[in-house]
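The next part holds the structures, each set out as structure tokens.
The two complexes that follow have subunit A in common; it is paired with subunit B in the first and with subunit C in the second.
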Partner chain A sequence: MTMDAEKHRAVRWLAGPLVGALFLLLPPILPAAESVSPEVQFCLSCHSNNTLELVLKSGEKRSLYVDVDSFARSVHGDKLRCTDCHGDISTFPHPTRSFKNLREFTLAYYESCKTCHFDNYTKSLDSVHYSILSKGNLRAPLCVDCHGAHDVARPSVPKSRISKTCSRCHQEVYRQYAGSVHGKVLLQNGNEDAPVCADCHRSHDIVDPRTASFRLRTPELCARCHTDEKLMKKYGLSTKVLQTYLRDFHGMTSSFHKREQIAGSAITAVCTDCHGVHDILAVKDPRSAVMQVNLVKVCRKCHPNATENFPAAWLSHYEPSPDKAPLVYYVKLFYQIFIPFVILGLLLQILLHIWRVVVNR
Partner chain B sequence: MARARQGYLIRFSVRQRLEHLVIMVLFLLLALTGFPQKFYDAGWAQWLILHLGGIDRVRWLHRLSGILFALGALLHFGVVLSLAVMKRIELSMVPAKKDFRDAIITLRYYLGFSEEQARFGRYDYRQKFEYWGLVLGGNLMIVTGFILYFPTFWTGFLPGEVIPAANVAHSSEGLLAFLVVIIWHIYNAHLNPDVFPFDASIFTGRISEERVEKEHPVEYASLIAKKKERAAEEAKEGETTIQEEKAKSPSRKDDSD
Partner chain C sequence: MANHKSGETPKYYLRINLYHRLVHGLLMASFLGLAASGMPLRFSQSHWAAVATNIIGGFEIVLFLHKSFALLLTVCFLLHLGYLFRLVFIKGEIGIFWGPSSMVPQPKDLLDMFQHFRWFFGFGDKPKFGRFSYWEKFDYWAVFWGMAIIGTSGYVMWFASFFGQFFPGWLFNIILLIHADEALLAVWFIFTIHFFNSHLRPEKFPIDLVIFTGKVTDRELQEERPQEYETLLEEKTLEQIQADPPPIWLKNFGRIIGFSVVVTGFLLFGLTLLAFLRE
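Then we have the complex of A and B:
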């Protein structure tokens, strides 16, 4: 079987020059070919044949056809030659390579990207995707799985393309996201203010979101948009959300745990514990987890004995005022008057005493 | 109990000296672990929390000190009240009309309106103010502290808003107590020209007769009167048999609050 396959491939390689010779004789008739370099045109003399394919040892077929139009339209169309990525196939006939299966074929070529995109390549080495790849899971995505190979386009045009790319593997998360307040406005209304997967998870150095360190970074992630005055004003949202969170027990705990780099699962609520993660809804949405009627259920996730009164212990990101939390407001006001009153009174008496002592002398 | 040296009187019992020592240590611990939580975003507060072993450790220490403080308070009131009921001590810390009069007289004197100086008893109005400030403030700290410690329990029957209100009260009252101690107590016990640099009587228990005469003339007068009375009694008892004198238990009244 193996011998057969290799023989078969050798035949395919040899077919190249014959077809190439044909194209050299005929004037080029490739429509988008003007924008690609002569070297690319040379390779295309064979690889524009859409029946050109390779059968691998595993029996999988790999098409060797390159759609010149889509390559010409790609971001690399006017920049790269075939050998910039396929550096090992610079001679003709092509050297013999042996690949067990399609994945091995992709793995062999995806690293070509780092020649130019070294920065993003090194970032990807810190990602959870690379981490599972290095543990032997070959299904982990490689550059080309997200970006494509010959048809690489700007990944964020339109912005929703990013989330759609992730959805090819993360279907359930995408389904939740599509129904969320963020997903809806982006996917249905095309509003690019809304975050896509990469805004929170990053794109190349995607870390495992199940770690404590990622959890504790959540407030910082959400705050990137939710403390942006200009952006939040557009939607009538408060920018005090981070500040009020950090001032409270949960926020103080999470920010110190983050600085202390506490390993394991840190037990304190971050934004997503109450508001939801991919399925996050507007706080005005009756189905929202943080809607007053639903809130006690959220509290009970960590405080199982919480009663109906319990959620009001949290001021829902409001600053105390005579309308919202009057008791807190007036206690605060009392001390704002009482502390200076007492302290100034005592200081006055001390000064008077000293003055009298001086006078007596 | 230490005997008074020549020219000195015993002002504070061992119990009282211990109480002061314990409250001093606990107050400092509570302030050390409480203020970094109040001013959590200040650089010094974060430095302190991280160097004390993290926020969880700091909270644990704060709660432990708070529990000890509450137990100390309970013990103090229990002991003082039972001693008072048994008539072993006089409740000399209880504010009276005289204290308000004394305050006015003192202020007039400070301002130079009059040369009359208030004549204080065992505790002057400033000492009473500080004691009751500590009692009231301390109790408020204990109550609000325990509300913050067990929010789920308290909201079982109190409105939820009580928790953040207790938080504001606890944190503000703590600041007030700290400022009073830093300004008022440190002045009266250290910087006051009358005692500078250090009024050690709460640690040694002793005070000079001279100071009592000057600072607590009413108390001094009553001490002299008692002394005379006792001398007179002793003179009378001298006539009775020695056995009788031995049978008489020496119950002393130097322990007053």
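Then we have the complex of A and C:
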């Protein structure tokens, strides 16, 4: 690790006596460090000094202080040694490396994670975050940007922590989410049934949600929870939403598009087109876009000529029955009886005819 | 039936004129096209439908073909209406609306039907059918009615945003249902009842070529249309419709087309029946 001239020299000269002195003082000043390995304690003999820092070529300062308490509390506290991640710094004095700026520093170390977390690392290579990184956007998040470095904790404890992590960059989306039916119950009531960002977008292999394939996957995405009998019963919600959608004009078309993976098929409506995406509201909410009074506005997003009567073409996820959409129900029933009746009746006539010819012979 | 005395060529009479044969050919092609492109959409959840759609090149192409065949059938329907118009208003043949050679059901048809059923059960003789039997009239009106209903509902869905300006939304749900189920009825009717009655009846098995050649033999006319035969004799017009025997190429053409269509029809019937029972 390179340090700019003076600091570098200072550390080198001070190192020997300092290490010795700290070793003597270790137990009293580092109570939390008991759970960390002796090797970590060795490194901490310098790195517990909170004034220790590195000045990069860009003029940015990088603190070299490690809070032993937060490291000890982290998921890695009792498992890893410093050199497991900082494999290039196993000797003292440390080898010389040069970084232009802070981001380059982070980029140099984040790949250490893959030594153990190879599956998640490879997944992240398929993500939209990695894709923008590989195109040269260094602001794309790396492992440590979401998980932290020395203070890595379980990302989903509590569950809301996931969405809060994403909100560090995606502030506007988080604001919408926080006001949505899902966000509210989780953030305000702590109800962990509600989805967080990663439930829909996944965590490591986050794909670009603006693609046609993501759009067309929306119904099955929502259906993961909304067809779960046990879960939906808790909230008095119907589990027929997917089935009824798929039987209707939009659902049929979207299934075709999906099956054939037609690109750029943004023409047919999926769940989020009517219900909203991050700002989704309960259907009982008067502000909900799918509330009867608001529905025609939603239809007009795609059908600009829609009249006030138009939304009636949509059965509102109801299955036709004598109570809901009786006309559809009875017409269907009529054909279910009429078709077999006509065909079987006429077939009987033919069979009688054949029978007579056979008998006459 | 063609069991004539050896060496003797039977006399042939014209039953179906060229215009009707051509319109029927057009009707057959467009109906088969509509059925083959429509049923994979109707039963899109079936495996065979997915395979068929895939082979044709995707559902958008299937839909395009469906609409193309719909236009063809519309042309066919208009050609028929035009023919009727010419017959009534230009030639003044009001007889097509009533009488022995009319397609409109007559009291005799009802009697024929009763007598036919009596004959099935062994009471009485076979009825003396005229130019068109009662089941042939049923065929005609079933197709006429079907074209009107399925065609209209199809166009309403095709131009949904236009019709949406006048029609209430709930009507579209009914229209989709009617289009899909009326079409299923039409497909089953044509591919079972019509095929049986025209080709697979014991008297006609395995194929009746009259729709291709337009001609029937002396014997066929006497046996199947005794009343028409008698009338033609009485009016002394039988000789006017006497025709040359159909050329062999036309008979072979009819056999090839006829068998292919019947086989395709049965296949579609089987597949849609399976899908319907699983619905």
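Note that the second predicted complex is superposed on the first by the 332 of 361 C-alpha atoms of A that agree within 3 Å, B and C clash if a C-alpha of one lies under 4 Å from a C-alpha of the other, contacts with A are read in each partner's own complex, and residues count from 1 in each chain.
Methods note: a contact is a pair of C-beta atoms (placed from the backbone, for glycine too) under 8 Å apart; a residue touches a chain by one contact, two chains touch by 3 or more.
Because the structure is a prediction, the values reported are computed rather than measured.
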Fit or clash between subunit C and subunit B when superposed on subunit A: clash
Give one of first, second, both or neither to describe whether A:90 is in contact with subunit B, with subunit C, with both, or with none. neither
In the superposed arrangement, does A:137 touch subunit B (first), subunit C (second), both or neither? neither
Applying the document's definition of touch, where does A:188 land relative to subunit B and subunit C: first, second, both, or neither? neither
Please indicate which partner A:338 is in contact with in the superposed arrangement: first for subunit B, second for subunit C, both, or neither. both
Once the complexes are superposed, what residues of subunit A are shared between the subunit B interface and the subunit C interface? 252, 255-256, 259-260, 262, 303, 305-307, 309-315, 325, 327-328, 331-332, 335, 338-339, 342-343, 346-347, 349-350, 352-357, 359
Residue ranges of subunit A touching subunit C (in the complex, touch as defined): 249, 252, 255-256, 259-260, 262, 303, 305-307, 309-315, 325, 327-328, 331-332, 335, 338-339, 342-343, 346-347, 349-350, 352-359
Contact set on subunit A toward subunit B in their complex: 246-247, 252-253, 255-257, 259-260, 262, 303, 305-307, 309-315, 320, 325, 327-328, 331-332, 335, 338-339, 342-343, 346-347, 349-350, 352-357, 359
Residue positions on subunit C within touch of subunit A in the complex are 44, 50, 53-54, 58-60, 117, 119-122, 135, 161, 164-165, 167-174, 176-178, 181-182, 184-185, 188-189, 192-193, 196-197, 201-203
Give every residue of subunit B touching subunit A within the complex, in rising order. 37, 40-41, 46, 49-50, 54-56, 107, 109-112, 151-153, 155-165, 167-169, 172-173, 175-176, 179-180, 183-184, 187, 192-194
